[in-house]
Amino acid sequence: MLQLDSVSINRGNSVIFSNLKATLNTPGLNLIRGKNGSGKTTLLRTIAGFIPIESGKVIYNRKDITFRKNEWVKKIIYVDSHNGLSEDLTVFENLEAWLNMKGWSSSKQKVTEALKSLDMDKYSNIYISKCSEGLKKRAALVRLYFSYIFEVKFWLLDEPSNGLDQASILLFKKMITNFLQQNGTIILTTHDKNLFNEKHNVINLDLLKELRAK
Amino acid sequence: MLERHSFVINWLANPNRFSKLTNKLQIPLLSISTIMILLGLYYGLFDSPKDYQQGDAVRIMYVHVPSAWLASFLFLSLAISCVFYLVWKHPLADLISNSIAPIGAVFSILTLVTGSLWGKPMWGTWWVWDARLTSMLILFFFYLGYILLSNAFERKIDGSKSASVLAIVGIINLPIIKFSVDWWHTLHQPSSILRMDGPSIDKEMLLPLTLMMVGFSLFSLFLIIINVKTKLLEKKCEALILKLNLKEFS
Amino acid sequence: MTSSNSSWSFVFVTHLKRDFLINFRSLIDLVSIISFMFLIIILFILGVGPFKEKLEIIGNAIIWVGLILSIIPSLEKTLQKDFENGWFDQLATSSIPLEIVLLSRSISYWLIVMIPFLFAAPLFIILLNIELKAVPWLLLTMTIGSLAISLIGLNGASLILGAKRGNILLPILIIPLVIPILIFGVGVNEAIKMEADPISNLLLLVAFTLIYLVISPFISALLIRIAIAR
Amino acid sequence: MTSSNSSWSFVFVTHLKRDFLINFRSLIDLVSIISFMFLIIILFILGVGPFKEKLEIIGNAIIWVGLILSIIPSLEKTLQKDFENGWFDQLATSSIPLEIVLLSRSISYWLIVMIPFLFAAPLFIILLNIELKAVPWLLLTMTIGSLAISLIGLNGASLILGAKRGNILLPILIIPLVIPILIFGVGVNEAIKMEADPISNLLLLVAFTLIYLVISPFISALLIRIAIAR
Amino acid sequence: MLQLDSVSINRGNSVIFSNLKATLNTPGLNLIRGKNGSGKTTLLRTIAGFIPIESGKVIYNRKDITFRKNEWVKKIIYVDSHNGLSEDLTVFENLEAWLNMKGWSSSKQKVTEALKSLDMDKYSNIYISKCSEGLKKRAALVRLYFSYIFEVKFWLLDEPSNGLDQASILLFKKMITNFLQQNGTIILTTHDKNLFNEKHNVINLDLLKELRAK
């Protein structure tokens, strides 16, 4: 179980949220909802451990994650709108660099297989600077494939479906179903109400804030 | 006038016609230039007088001066061909510029190297920061900039356009090379051949020098033609690949 | 087929590989980097005026300043790029210490500048009229010094990540740190020219470089974590 | 309330305003820009060794090189940024000539560097032991020269928009073009120092600057159109 | 009527499309569909006049637009994923700079009114670097408001709904309806099949390519 225990976060001079309480399904699919600027991305980055918590804590398996950061980050894959791809490397090279950065190594064959999972294998030798928006996003999401091989437990995804075409969304949803079957936990933000018909847990930041206001 | 020019260009710009014409020129160019260079070298190295001041070192001149002259001249041609490319947008002009650039760069290196070799006995140092030497060095960097820039883009056309602009702007360097010896008092020799009042140089030196100059020029013309033809073939290959892509695509 | 290998040396080498792929893919890059340093030096020489006596006075200084100005901006640029494209976020989800990654980044920049420099050294020596006996010392000090400069550059570049108009701030932060390196480095070379003893300056140069080698990755890692947290 | 006003002068001024807002929002920016040049100069002074005779020899050159190195990188950066964030695409949907926009960009960079420089001039004069009689000439030539440098920098920066590893290429493209400005500029100042006649150099400096003023915006506009078309 | 007459476009060594023929509704809503990398963005940029046409032409009112570029660009507003916002300016300043760049000037009041149209007025003094993804997108789309005031005839929008929250999408759709009522022409790309229920014309690049292949 992953729990947000009275989490408060400031960015710059503004309070993004204070005393946020929520429980996430682990394993399971958790959707973070909320209007623009409500703090979805901020929350995701907080859970990933990028943004320091002002007060409160994030608890996983009864322990505060901030004190076991190294163990925690090993378990997650984070993808947001920035993708983390270098324009001067090809799709393949980017994926390989990312794998190595994670401390993993994999045969070329496996990498190609991963690319296939989002139908990206034919773009494998194309520079990121030449990819269309959707192709970039797919090149970033291909990383998720490796959670089946290495011990990844969490996906933190910030509007992952943005820019994907219909076919890719189907492939992506298949990946999600697979991961859920393997007891993975997915936390993602999306503005698309119709994206998931799986059972999922919704964390609606707007509602939570309203509740607090009352 | 302009129309006639563009007519000539259009006539030449047809790749097939270009190939036909150059096929005929190729062999004569190569043989004549080789003979002239060999003759020039013979006269220059064995059958011309020592300089009364410089001794045998003066013989470097027979390589140095033609190289210097060609390095400048080729840059001018490069820039002109770039103008044609930018204005009339003909791909052949781009191929020609691309072919000229490396040859010009080599000649400018040759000038620098022979000049340095000459400088050591004459001035006691390999290099001085004199205006002519520096502007020659800068010319080399213009060539280098052209070559690097035209290859710096994912798409060749983008590189060609940017690099053409650079080459055209770079023309301002040419008068500086040419007149630097007259404008500033430098160590380097002032012009003695291309002067208003005619050449002021020993006749026996003038003969091999002329031979070398013409020989070098014809030889570079030969190289340029070969280069352009190779690039034309490369382009044909690319077009084929593009066609294949198109088939795969559909 | 697949394996999980998080030894530090593995990570170090793979990051080196990425940096080289990004910056050093072809001979063209090598040529560009040589020419870069070369032209900065030419700019100086022409500014000062091309007289032998003057060059003798400023030769060493010019090479050093050229080196500094060719390492720092490019280092800054890659860090900025990787910050903007989200690569540092990805790094933060790795269990490998960011310090190792950053050490590898500065080492790769050091190599990326030093390899071309060693190729170009004969040219510089001719252009600046440097005496032959001074050459090994020059190469030695520049090799050491450039490592220190890369490390300092790394600190400076991470200091300004995400800062508004950080590019303007950068020199103010970096140059004070670079000054000791410059002084000791030039010190060695000048000592050789004057036929004095270069050892004390050399030792100081080495000492400073070692200190930076130890602390710089920690400082940069700290700064990058702060930048990510914004 | 609302009006459509596409007179060129209007566009010119509004672009100037945008550049100033982005780069010059507070006093801190002003201080930073001065410090940049300042520190480059200090780097040199320390490299050469702070002896009066040496400084006398290199003073003018250092100021000029510092000026060049502080204008061009920042100009490059903004152009690159506006290219990446899509601002140039927006510009392409304006019926106002891109040339005007670019002229305004180089003018704003010229002012952004020159205004702080004029403030800082007394400091430089003291640091570098420049004689009082040389000061007006120094200010004059630097003011003219920096305009030319901005214009050339603009061309260089637009040459590499969208190029692979363009930042490494930039100096190779720009420095050859800047050299005449440097030589004539330093020429004037040296002439004053030697009590010789500076006029011929000054005229050449002005001539070059005027030529660039006329052609540079056209060249850059052409290049940016090419870059957008990619 | 806007017509694509056998338009071919290459980027690098790859053919994006060749001999594309299509007719767009003017006025009207035109959706460009197609999978990732099919060339939607490329097509939009071509129509905007950014990318030179290899062969063929784009015809508006019987005239080739490439020869009347200045007139043409005055009539369009183009917004893609890059937004064209400077990180170092506030939302308000960015909008004002854009207006002036177009050669238009407007009172502060009108600008605020425009910001209100996408509920952005409260963010007016926030720097773009501090905006969330959706807020940035909205700051870019606010420009469309001015087509009611100045003579803009065309909107070219590349996946404009990406990152917008539900409320903003409603506001945005209202803007679209208004513009259509004023005889505007909208050309937009989107992967969201359910976005529009207005009458619209679909240009499906995948289908067009398949047709050509047969």
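The letters A, B, C, D and E name the chains in turn, as written, and every chain counts its residues from 1.
Quick note on the criterion: contacts are C-beta pairs under 8 Å (C-beta built on N, C-alpha and C of every residue); 3 or more make two chains touch, one makes a residue touch a chain.
All of these numbers come straight from a predicted model, not from anything done at the bench.
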**Study point:** Comparison of A-B and D-E by number of C-beta pairs in contact, larger one
**Key:** D-E
Check your understanding: What chain is the most remote from subunit A, judged by the mean position of CA atoms in each chain?
Key -> B
Check your understanding: At the interface of subunit C with subunit D, does the proportion of residue numbers present on both copies reach over half, so same, or stay under half, so different?
Key -> same
Study note, to complete from the structure: subunit A and subunit C have mean C-alpha positions lying a whole-number Å distance apart equal to 36
Revision key, fill the gap. Expressed in whole Å, how far the mean CA point of subunit C lies from that of subunit D is 26
Study note, to complete from the structure: Chain centres from averaged Cα atoms put subunit B and subunit D apart, in whole Å, by 33
Check your understanding: What are the residue numbers in subunit E that touch two or more other chains?
Key -> 11-12, 88
Revision key, fill the gap. Expected list for subunit B, residues touching two or more other chains, is 134, 141, 144, 148, 152, 154-155
Study note, to complete from the structure: Check: subunit C positions touching at least 2 other chains come out as 23, 32, 35, 39, 42, 46, 49, 165
Review point. Inside the complex, what are the residues of subunit C that reach subunit B?
Key: 28, 31-32, 35, 39, 42, 45-46, 49-52, 55, 126-127, 129
**Study point:** Residues of subunit A touching subunit C in the complex
**Key:** 11, 45, 48-52, 70-71, 73-74, 76-78, 80, 82-89, 93, 97-98, 100-107, 109-110, 149-150
Point to revise | Interface residues, subunit B side, partner subunit C - complex | key: 116, 125-130, 134, 137, 141, 144, 148, 151-152
Study note, to complete from the structure: Listed in rising order, subunit D residues that touch subunit E in their complex are 1-6, 10-11, 14-15, 17-18, 21-23, 25, 81-82, 84-87, 89-96, 101, 228-230
Review point. Hey, which residues of subunit A end up touching subunit E in the complex?
Key: 11-12, 34-37, 40-41, 81, 123, 130-135, 138, 159, 162-169, 191-194
